[in-house]
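Below: a set of structures, written as structure tokens.
You will see two complexes here that share chain A, one where it goes with chain B and one where it goes with chain C.
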Partner chain A sequence: MNVRAQIGTMFHLDKCIGCHTCSLACKNIWTDRRGTEYMWWNNVETKPGTGYPCQWEDQEKFRGGWEKHNGSIRLKSTGKARIVTNIFHNPHMPSMDDYYEPWTYDYQHLFNAPEGPDQPTARPISMVTGEHIDVESGPNWDDDLGGSPVYAEHDPNLAGLSEEQRRQLFSVEQLVFFYLPRICNHCLNPACVASCPSGALYKRGEDGIVLVDQKRCRAWRSCIAACPYKKVFFNWHTGKSEKCILCYPRLETGQAPACFHSCVGRIRYLGVLLYDAERIADAANLPTEQLIDAQREMILDPHDSHVIENALKNGISDAVIEAAQDSPVYKFVKVWKIALPPHIEFRTLPMLFYVPPMAPVMAQRRDGALDSVSDNLFHDIEQARVPLKFLANLLGAGQEGKVLYALRKQKAVRWYRRALTVGDVDLETARRMLRDADCTEHEAQAIYELTSLCTVEQRFVIPPMLREQAIESLKDPHEQKQNAGFGFLSGPRRGL
Partner chain B sequence: MAQLLNYVDTALFALAPYVAMFTFFLVSIQRYRAQTFSFSSLSSQLLENKRHFWALVPFHYGILVVLAGHLVAFLIPRSILLWNSHPLRLYVLEISALAFGILSLVGLIAAVARRLSNSKVRKVTSPVDAVLYFLLLVQLASGVAIAILYPWGTSWFATSMTPYLWSLVKFSPDVTLMAAAPHLVKLHVFNAFVVIGLFPFTRLVHILVVPNPYLWRKPQVVRWYGLGARG
Partner chain C sequence: MLGIVLAAAFATSARGQETAAYFKANCASCHTIGGGRLAGPDLKDVTRRKDREWLKSFILNPQAKITAGDPYALQLLEEARGVVMPQVAGLTPDRVDFVLDLIEAESALEESQFKGQQISMAPFTPADVTRGMALFTGRDIPSAGAPPCFSCHSIPGIGGLGGGFAGPDLTLVFERLGGRPALSAWLQAPATPMMQSLLRNAPLAPDEIHALTALFEDRAKHGAPVQAGVAQLTFSLLGLGVAALALVLFDVIWKGRFRAVRRSLVEASKL
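Showing the complex of A and B:
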């Protein structure tokens, strides 16, 4: 057993209101520089929809992630032998057109325009070339199903849905969508890291954050194509890859990442997960249907004395183990099993989990009110407007069972709480639902509390990183007094 | 007049190569130390993805084979001559050398055309890039022209260029070998020195950081604070 700690994250999709506050918080801090304007390390997509970059989930097109090959796994886009042919031109790299050309507006014109019969306008200007452009797409052009025939209908997750289900999804009377906020998953088997010819990408041992070493990155662009979630971006101005850093400077000082902190729907949870690094290679190699369970298996019980002993042996501090015991992500993922990894079939073992969305709870029902005494109390999940198959393609590696389990439990919790507080459902039925959903009353109460009543401290259990101590052991901070920090400052200037 | 030409030849073919090599090493090392951040080729593939393929792939394959050919003739001239002693083999070698030369030239022209015509790519083209593209165009065009106008270059490179280059390596430059060469060949050789001298100031430095270690490293990289990378 090789115990490591990882900052795990969880998004509760049922609570996301699609406000994009998270995206803006991130943009304002990290990607407002030249060359990064088009990047959204955090973005929020409408599902069904094609997302950002357009159709990122279609790995026939972008060849991201891993694939099974002769009994083991290999990167879909590159590899030791294929690097020779791919290095001059990366055949699977998205271009700016797959994202969008960033723009601003010619605001000055509003002030400087010569007097005339019409109101002056502020025309869009490309932030790459500085020339006027006609804006034709943006990072969430299909927000709230805008332009469905062009976007939503090409969502790769619709694969395997019947004609009937598709029609149902898009018919005007029962149109349905939900939001999918996305950041880098800080995977356990990151394809981006494995693909980098320079070895510039790495996973931090202490907290599992995946970073790009800006000095070692040499613009070979392999990571951009290899990440199946398209969460490594190419800065065209500096010639470096950049990605979500999980706001590590904030985490190290005990603050939640900006997108987490600013989340209006309070859908985001963060906490330590202990996992067994020895099992990564084997787990990533299992048949698709076993991946979700295998990943859950790898995540270790932080209360188990054997695990604690091994964690201590690996230099994980008491404080971090305590944080792991308190971790809300651990509860949702491993104890309650209602949070699922996105597209685990890409085999990167993502460490960001999603609680699948319930809403709208009711399926179309002919006679109006919901029949609570029906024998099958969970009927509306199977008939829900978002077909189970769709959610399963996104969060269940294609298997409906895992998603169904999570949805049933959530529904049972709702009914249980409804029985307790509203009282229009009888408690016995609610208890029966809990039993059917593999949930105790105690657990239901805990899920309810952590979902609905959670405080900032309960959502974000940030371990003390002890980074200062680690730095102090190697560098004398006093030596750096009146200097410009520990890092390096070096512009992207090239040539003479 | 002859005297003057003599001086010119000495400057171009006995002095310039050393100046070029000197700046090449000195500036490359200095830039790697002082400006590691920019030690690469600023890729523009993100900005334009289609013509990038048709320009960069032929250019790189062409230039790699041509450079390898130069290197082989420099290192083992006798084997080349032996190979060429048979006319058919000579033709095969000559034609493939020319073919790869043309391939790289076509690729380079496509790359320049792409830089000029795409407004986004133009935005990431620096003055140094422009100088470099010009020098490379001269280099490849003169090389292809030589291959066409002065045939059997694979043989005469081995008999006259290789000794000249070795004389440089031995620090006793023999300019007479170059003085007799046609002007086009002189241009090709001198321009090569210019490219080498400017090498560390341009995007060409990416050649020095070609990622060989990738071939033997483990797929996953984990770094611990203060310990660096560990598997």
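Showing the complex of A and C:
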């Protein structure tokens, strides 16, 4: 057993209102620089929708992630031999048009325009070329466009849905959509790290944050093709790749990452997960339908004395283990099993989990009025406007079972709380639902509290990052101080 | 008698042998000793025609002498139909002395080794011209393996694209070099560094020289020089055409390559 610590994250999609506050918080801190205008390390997508960059989930187009090959797994985009023919150009990358051409407005014109018969307007200007452009797309261009025949209809997650389901999903009165906020998943088996020819990407040993070394990056852009979530971006100004850093400077000072901290719906949870690094290779190689369970297996119980012993042996400090025991992510993922990894079939073992959203049920006409009250307790989950298959494609590696389990448990908790607080439903029925959903009353109460009443301290259990100790494992600080002098600080730029 | 002895002594000495080799490589393409005029005059007894000082300064820098308006130099220029003797690489005043010594010694002999190749004066036949054309275009490879002429040169009758344009057009070379003996001698021991380096290790055989001379004589009589501009334009256009064709081919081969994602969705929805 090789116990390591990872900052795990969880987004509760049932609470997301799609306000994009997270995206703006991130943008203002990290990607307002030249060359990063088009980047959104955090973005919020409407589902069904094609997302950002357009159709990022379609790995037949973008070739991200891993694929099974001769009993093992290999990168879908590149390899030691396969890179030779594409050494100067990686053909499977999103173009700027697939992201969007960033723009601002010519505000000065509002003040400087010569007098004329019409009101002056602020025309959009490309932030890349500085020319006037016609805006054709944006990072959330399909925002709230649930029924859009251009964007929503081409969501790769619609694969396997029947014609009837598709028709319902796009008919006007039954239209439905939900939001999917996305950041880097800081995967356990990151394809971006594996693909980098320069070894510039690395996963921090002490907390699992995946970073790009700006000094070693040589602009091969293999990471951009290899990341199936398209969360590594190329800075066209510095010629280096950049990605979400999980605000590690904030984490190291005990603050939650900006997108977490600013979240209006309080949908974001963050906490340490202990996992067994020995099992990564085997887990990533399992058949698709076993991946979710295998990843849950890898995440270890921080209360288990055997795990604690091995963690201490690996240099994980008591404080981090304590944080892992309080981790809300651990509870949602491993104990309650209602948080699921996105597209684990890409085999990168993402460490960002999503609680699937409850959707409105299909309304039925009764006496000339639309009625959505159902007598069949769980039945309407299958009848929800968002087909279960769609959620399963997104969060369940195509299997409805795992998603159904999470939704049933959530619904049972709701029903139980409704019986307790509102009292318009029968408590016995609610208890029966809990039993059917594999949930105790105690657990239901805990889920309810951590979902609805959670405080900042409960949502973000940030471990002490102990950077001074992490550095000591690499070099002696005293020696470093005596040898290094003042050193140099310079920004990343093109070239070696 | 004394002359013969001297010549023998000079020829057998080490310096004499070296000078002879130098003469062969650098002078023999235009000059003979007792073999008649080639591009340049026969050098037999040249040291009696003009004094050594004059000869030395002329050999070291022929153009300067001409520019200075020396009457004898101008006379030579006229005899050579305006072809100025090139400045020969590796000449030093000492070496000029040795060369003049060699010429003096060789002139004393009854038959100098630099009398020049006995060029066949057999009349040219159409078959010779055909053979010459085959050699020129590389259909026949010269026996010693010299590269075909048309990699760098052009003459009429080898197709619309002409030959190479790296070397001069050879349509009128027969007249330019002053006829059959001079051209033959030139082909045997060319005077330019480029041709020297090409033919040094792959000299042309006498029958090949015969055939090429026949070709050049024929072309000088009948052909007009290839229009370099037209041929080059044809060549460029052909190149562009082939490049465009190659692009079309690549496009067909990689038809399923990755293209824009979003734009294709939007365009498909407009249909």
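Please note the rule applied: the second predicted complex is superposed on the first by the 450 of 496 C-alpha atoms of A that agree within 3 Å, B and C clash if a C-alpha of one lies under 4 Å from a C-alpha of the other, contacts with A are read in each partner's own complex, and residues count from 1 in each chain.
The rule is simple: a contact is a pair of C-beta atoms (placed from the backbone, for glycine too) under 8 Å apart; a residue touches a chain by one contact, two chains touch by 3 or more.
For clarity, every value in this text was computed on a predicted model and none was experimentally measured.
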- Query: Touching A:Asn140 in the superposition: chain B (first), chain C (second), both, neither?
  - Reply: neither
- Would you check which partner chain A:Gln6 touches, where first means chain B only, second means chain C only, and both and neither mean what they say? neither
- Query: In the superposed arrangement, which partner chain does A:Thr31 touch: chain B (first), chain C (second), both, or neither?
  - Reply: neither
- Message: For A:Ala194, using the defined touch cut-off, is the partner it touches chain B, chain C, both, or neither? Pick first, second, both or neither.
- Response: first
- Query: Does chain C touch more residues of chain A than chain B does, or is it the other way round?
  - Reply: B
- Task: Would you check which partner chain A:Asn393 touches, where first means chain B only, second means chain C only, and both and neither mean what they say?
- Result: neither
- Task: Would you sort A:Gln295 into first (chain B), second (chain C), both or neither based on which partner it touches?
- Result: neither
- Task: Look at A:Lys61 in the shared chain and tell me whether it touches chain B only, chain C only, both, or neither; answer first, second, both or neither.
- Result: second
- Scan A:Ser95 for contacts with chain B and chain C and give back first, second, both or neither. both
- Message: Let me test your reading of the model: by the given contact rule, A:Tyr151 touches which partner, first (chain B), second (chain C), both or neither?
- Response: second
- Both chain B and chain C touch chain A; at which residues? 91, 94-95, 97
- Note on the structure: Listed in rising order, the residues of chain A that touch chain B in the complex are 80, 83, 88-91, 93-97, 101, 126, 128-131, 189-190, 193-194, 196-199, 201-206, 214-215, 217-221, 224, 234, 236-240, 280, 467, 470-471, 473-474, 488, 490-496
- Message: Show me the residue ranges of chain A that touch chain C in the complex, using the header's touch definition.
- Response: 50, 53-55, 58, 61, 91-92, 94-95, 97-98, 136-137, 149-151, 154
- Query: Considering the complex alone, what residue numbers of chain B touch chain A?
  - Reply: 35-49, 52-53, 56-57, 59-61, 119-120, 122-124, 126-129, 201-203, 206, 209, 211, 213-215, 217, 219-227, 229-230
- Message: So in the complex, the part of chain C that touches chain A is made up of which residues?
- Response: 257-258, 260-263, 265-266, 269
